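What follows is a set of notes on a single structure, which appears directly below.
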Amino acid sequence: MDLTLSADELAFRDDFRAWIADHHPGSPPSNVEERYYWRLEWLRELNRGGFAAMHWPSEYGGRGATAMLNAVFFTELARAGAPIPANHIATFMAGPTIMQWGTQEQKERYLAPMLRADNVWCQGFSEPGAGSDLAAVATFAAREGDEFVVNGQKVWTSEAQYAHFCLLVTRTDRSVAQHKGLTYFILDMSSPGITRRPLRQLTGESEFNELFFDNVRIPASSVIGEVGNGWRVAMTTLMHERSMIGAGYGIRLRNYLTVVESHLRAHGLLDDPIVADRFTDLEIRTRALELSALRQISEAQARGSVGSEGSILKLMWSDTYSRLAEFAIETVGPDALEDASGWAWEYLRSRASTIEGGTSDILRNIVADRVLGLPRAR
Amino acid sequence: MDLTLSADELAFRDDFRAWIADHHPGSPPSNVEERYYWRLEWLRELNRGGFAAMHWPSEYGGRGATAMLNAVFFTELARAGAPIPANHIATFMAGPTIMQWGTQEQKERYLAPMLRADNVWCQGFSEPGAGSDLAAVATFAAREGDEFVVNGQKVWTSEAQYAHFCLLVTRTDRSVAQHKGLTYFILDMSSPGITRRPLRQLTGESEFNELFFDNVRIPASSVIGEVGNGWRVAMTTLMHERSMIGAGYGIRLRNYLTVVESHLRAHGLLDDPIVADRFTDLEIRTRALELSALRQISEAQARGSVGSEGSILKLMWSDTYSRLAEFAIETVGPDALEDASGWAWEYLRSRASTIEGGTSDILRNIVADRVLGLPRAR
Amino acid sequence: MRFMLSDEQSAIQDMAREVLAAESTFDRVRSAGEERQYDSELWALQRSMGWPGVGVPQRWGGQGLGLVELSVIAEECGYACSSTPLLGTILAATSLVSAASSEQCERYLPSLAAGEVRGAVALTADSTPVPDAGEAGLIVVLEGSGGRVSLQPAQPVETIDPTLRYGRVVDPSAGEPLNQSPIAYDSTLVVVSAHQLGLAQRALDLSVAYTSVREQFGVPVATFQAVSHRLAQAHVDLTAARSLVYHAAWAVQVGDSEASASAARAKAWLAEASRTVTGSAIHAHGGIGFTWEANLHWLFKRATMLGPYLGGARQHRSRLLDMLGTAQTTSHETDHS
Amino acid sequence: MRFMLSDEQSAIQDMAREVLAAESTFDRVRSAGEERQYDSELWALQRSMGWPGVGVPQRWGGQGLGLVELSVIAEECGYACSSTPLLGTILAATSLVSAASSEQCERYLPSLAAGEVRGAVALTADSTPVPDAGEAGLIVVLEGSGGRVSLQPAQPVETIDPTLRYGRVVDPSAGEPLNQSPIAYDSTLVVVSAHQLGLAQRALDLSVAYTSVREQFGVPVATFQAVSHRLAQAHVDLTAARSLVYHAAWAVQVGDSEASASAARAKAWLAEASRTVTGSAIHAHGGIGFTWEANLHWLFKRATMLGPYLGGARQHRSRLLDMLGTAQTTSHETDHS
């Protein structure tokens, strides 16, 4: 048990801290689209410094960083008030998946442009009829010679409005057991037959999209990891998604907590014992999440693999985030409910936290099943 | 909508209030067994006044009271600090079940002695392997001529140590669907082959018992409602159990809340804003339960039948009771955790509230299934 | 004793639900919300049916019905999440009925009862956005058991609930003083609680319907206890809510000694339960629940806005505790002969 | 950075669990509880293994290990719910190590480390029953960052947890003053939290095992989400608990700037989580869980007793808030170069 940074970690931290000081991207634009491109430019800048994908092997432009070093990276970003770079579906999901399952040609073609932000990626897993149930994917890819012809629909594809490529899970065989008939593709988003439709959320914004496929043709060379092997490839993607989650969750929550705390202190609201007690409970929950993320990184490193414990962090995050957003809107004052207030936005946005990226119900199934080893329902 | 008492209800209330004033049984003995017999004597006394089973038809010694009048009865008991009379398994479960399903001979033999407390009853439904699942009853009754021979085991039979008769659900046919092979008996507890063993609870006391049956012979004339019809008869018993529940729960909770409130006020503990806020929330929950019990009585009277809504009251009661017991032990002071304290007893006893008489999980199934009409899991 | 709606009251409920199901669909609510304008067609219909004057005595142009009937209407408007100035107008009319002099009643009630003037009710010491105050012609500002009636326009506020026009009182000391009447405040608490109950009941009903047909892993999602038990708990919480709201409506209406305590309980409970149940309905719907088109958000947003309005859960618990302290022995009597 | 037990620490944990699984079965715990006497055989064994002195420097007869190792032992004793005066004795020894003068250390530590004298730790301003004080020969009474060491016997108290001998300090002003040392209090908070973590972890493990085999309606009850999700949530809460406890152990051990805050967080969280998880285990077991023989109650009762001991959740949240106020900018740094 030793929570001090190693010499390497310290050296990196000092380097990166100095680098950020010289390259800080400043304040975010207020327009949603401009903000996205600003974060994409920030990815390019990080890439010039060699910081775009810390955890990638150096042969692909990364630093072969340990998960712990990656956590240091994110902590420094947060400390400097710098944004999380855009295109994380590329750097955290598409990249590692292609490294593990892709052909040499695919690696050469796709990996490097991700870090230069020349390729923006989105993820086409969820469907209206499937939701949390990947095995129920219905979007069908029919083989025709050297091509597959895709018809169907995806939902909840974030950043599809910017994306050049999509990680697409389809069904290619309806005659075998559900999760065996899946195939995983890289889809060029400029292919004819793709319709992108923004999905308006209860916040009024559209972070997500629906994608419709009408006879979209994909070359067979764009299959990742063999026809019929889509389930396993998709699991790789999801595991990488979960492995990046811990540090990111902790930072989001801590930053928000700090904003709430500053407001409460500035307005003397912590003099109210009930407010004080609830706030401090939320601080403890936030710290517990940060520490649990670090602990899981240590354990994953020792074990050499990422496990299902990311589900635990996600559950902690969504629970604490929802509580914090409710607490804030009840506590900060009567302006909180006004349309333009940041408090209102966080409060509304927090309602998605128990749904997006695996509903809390599904995650508790995973914890029960894979962590506790309880017998499965069906 | 009119929550004032009717003229009849008012007249009864005034009569009964005056009667109690003349017949009050005084303070309870501290010994558990003596207290039970004291409550049994109170049943006899009530019976002499004609109050032993308000809801029974007058031909059996009751008053044909509406559920609302019965609620008035219980409210007056609580107001006077008089105990709930013993033998409620007879008056609220065995009696109504025999009235509905019993033969003329059974009615004549069993009903009247219940109110005189000459017959004490217990309920043999639960089994170690069955728990909440009545259809899984394994205690077997094999027919031999005019008799059945019973072997098996029951648990959680409260007051079996005092009982002369037991409402016994057994399996008589293993070849048909689980809930079709059941038969319901009246078992004479003096029959040879019955072993009663007290079941020690985490409070250290033994409210409940285990019953073991070793070739216990029951005459076929003791079947209630036909061989193979046990499931339906048992449902009648359980429905009557639930119908008595509302008023009783409200009274128990309100009396306990009043004790807590007096203590808090006497020690100035309500000056603490967190304590005050929690206490008041519990008062609201208690009042909501009392009012919901009254509302359900009104609705059941209008509809002419008792529904599954008793489950809702039980859920409210166990939730509020557990919260109140925890609140009390955290709040009343450092003596609360001492062995002999009433606070400690309530706290420990409250842990059974989400288990006994239908676990909260089963009750939520019932609400989901029968009240909300959601599709069933299996 | 009969603790349920009378046949007449049930008939009012059925009629209101039927009318609103046809004339206040979520399509209508959504377009009102998106345009940030009331549904003027629905408002005209509600006026033609006399709803603004349901609780106003007949001599001032109303229907002269009681607080229970008013609560039924308010609940159904919550159930439909309808976008009209009805809530503020009945709140203003109700508080004037009990706190205005007969001269003031004469002056203000007929136009409120007819819906010619739109009303709202605010508290002096509270800057929580007031529903329907944004376009109200008359605002009752309550303070303690007294208050004032003011014709000064409020400052409009755009809130997270664009289906009602919220506002803040500019000068709480403006307007004519009213008589002392604790019932004015209690009545408004009951009406708002009833509206919140309707919002939550609708969210639960939508969830029951959706999860019964939506399939995941080959079965309706409602067959998973994670879903069904959450909805069952919501039903339990709304059973408590309904008992508290309608007991309060009756108690305030008949002047029962428990009236103020009961109104405080109802508002305290609904301030939390309405938001919790509507929020939990969003979760029960999964990803769809978070979309604009799912319509659940209108219920959730309004439930959120009405939580702190006229005092939130904590304030009413604190008021209740004071009342319990002074009326300890009588507060839980169910008989009031 | 390595936020997990070292191989040596894991070995201590494995050894402790193995010994206690054999020598502190629930049969032994139950008979100690029923007789209201410590398990003297187990205590002799713990003494022979040097556990009372795990955290005592070698020059005073101990093993000179750190707070992390001490927490591991405390957690395992909680896991076994063992009935010996070990908890009080290591608490007393630990607080003396940091707050006693070397002359006092010389005088008191060797006998505590050897288990010849049994110890306990109390707070001056608190009459919560103190575990192991009922038969302790030495009591450290902490007050602020100072305190006293007293040889005066405590007043025995029979509590709901008869597996430990509780007591109350008779005269908090008796005894010799100690040096000022905030670490004394922080260390005791960590050790008690670790013990509470062990209690809860055992309750969860028992529930996982039981619900995996116990059948209802023809399937293991753990296949019902009402059961499995409750256990999953308990696991999430204990994941948080473990992170907080072992971070606090490390931070106090190395004198990290976050030490006191981290200790307060651990105690605040465990005071509630330990009771909640052990209580929820009783429910998960159904009727069996409520019986004397199910043994869960020993865990639940001790978790309840230790909740308010050395300050409950509210007190530690309040302390934490004060610390956050004064050290706002550094409190959430994870690097401490």
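Which chain is which? They are A, B, C and D, in the order written, and residues in each are numbered from 1.
Methods note: contacts are C-beta pairs under 8 Å (C-beta built on N, C-alpha and C of every residue); 3 or more make two chains touch, one makes a residue touch a chain.
These numbers come from a predicted model, not from an experiment.
> Could you find the chain whose CA centre sits the greatest distance from that of subunit B?
It is A.
> Weigh A-C against A-D on C-beta contact pairs and write down the one with more.
Between A-D and A-C, contacts are more numerous in A-D.
> Using the average of all C-alpha atoms in each chain as its centre, how far is it in Å between subunit B and subunit D?
40
> Please compute the C-alpha centroid of subunit C, do the same for subunit D, then give the distance between them in whole Å.
Whole-Å distance between the two chain centres: 50.
> Name the residues of subunit B that each touch 2 or more other chains.
Counting only residues that touch two or more other chains, subunit B contributes 274, 277, 361, 364, 378.
> If a residue has to touch 2 or more other chains to count, which residues of subunit D qualify?
Where subunit D meets two or more other chains at a single residue, that happens at 224-226, 229, 314.
> Which residues, counting only subunit B, touch subunit A once they are in their complex?
It is residues 272-274, 277 of subunit B that touch subunit A.
> Spell out the residues on subunit C that touch subunit B in their complex, using ranges where they run on.
1-6, 9, 68, 208, 211-212, 219-220, 222-225, 228-229, 231-233, 235-236, 239-244, 246-247, 249-251, 254, 256, 262, 265, 268-269, 314, 317-318, 320-321, 324-325, 328, 332, 334-337
> For a test of understanding, state which residues of subunit B touch subunit D in their complex under the given definition.
126, 129-133, 135-136, 155-156, 199-202, 204, 274, 329-330, 334, 337-340, 344, 347-348, 351-352, 354-356, 359-361, 364, 378
> Which residues of subunit D touch subunit B once you look at their complex with the stated criterion?
126-129, 157-160, 162, 215-218, 224, 226-227, 279, 282-283, 286-287, 289-294, 296-297, 300-301, 304-305, 307-308, 312, 314
> Quick one: in the complex, what on subunit A touches subunit D?
By the definition above, subunit A touches subunit D via 1-6, 9-10, 13, 68, 71-72, 75, 254, 261, 265, 270, 276-277, 279-281, 283-285, 287-292, 294-295, 297-299, 302, 309, 312, 315-316, 361, 364-365, 367-369, 371-378.
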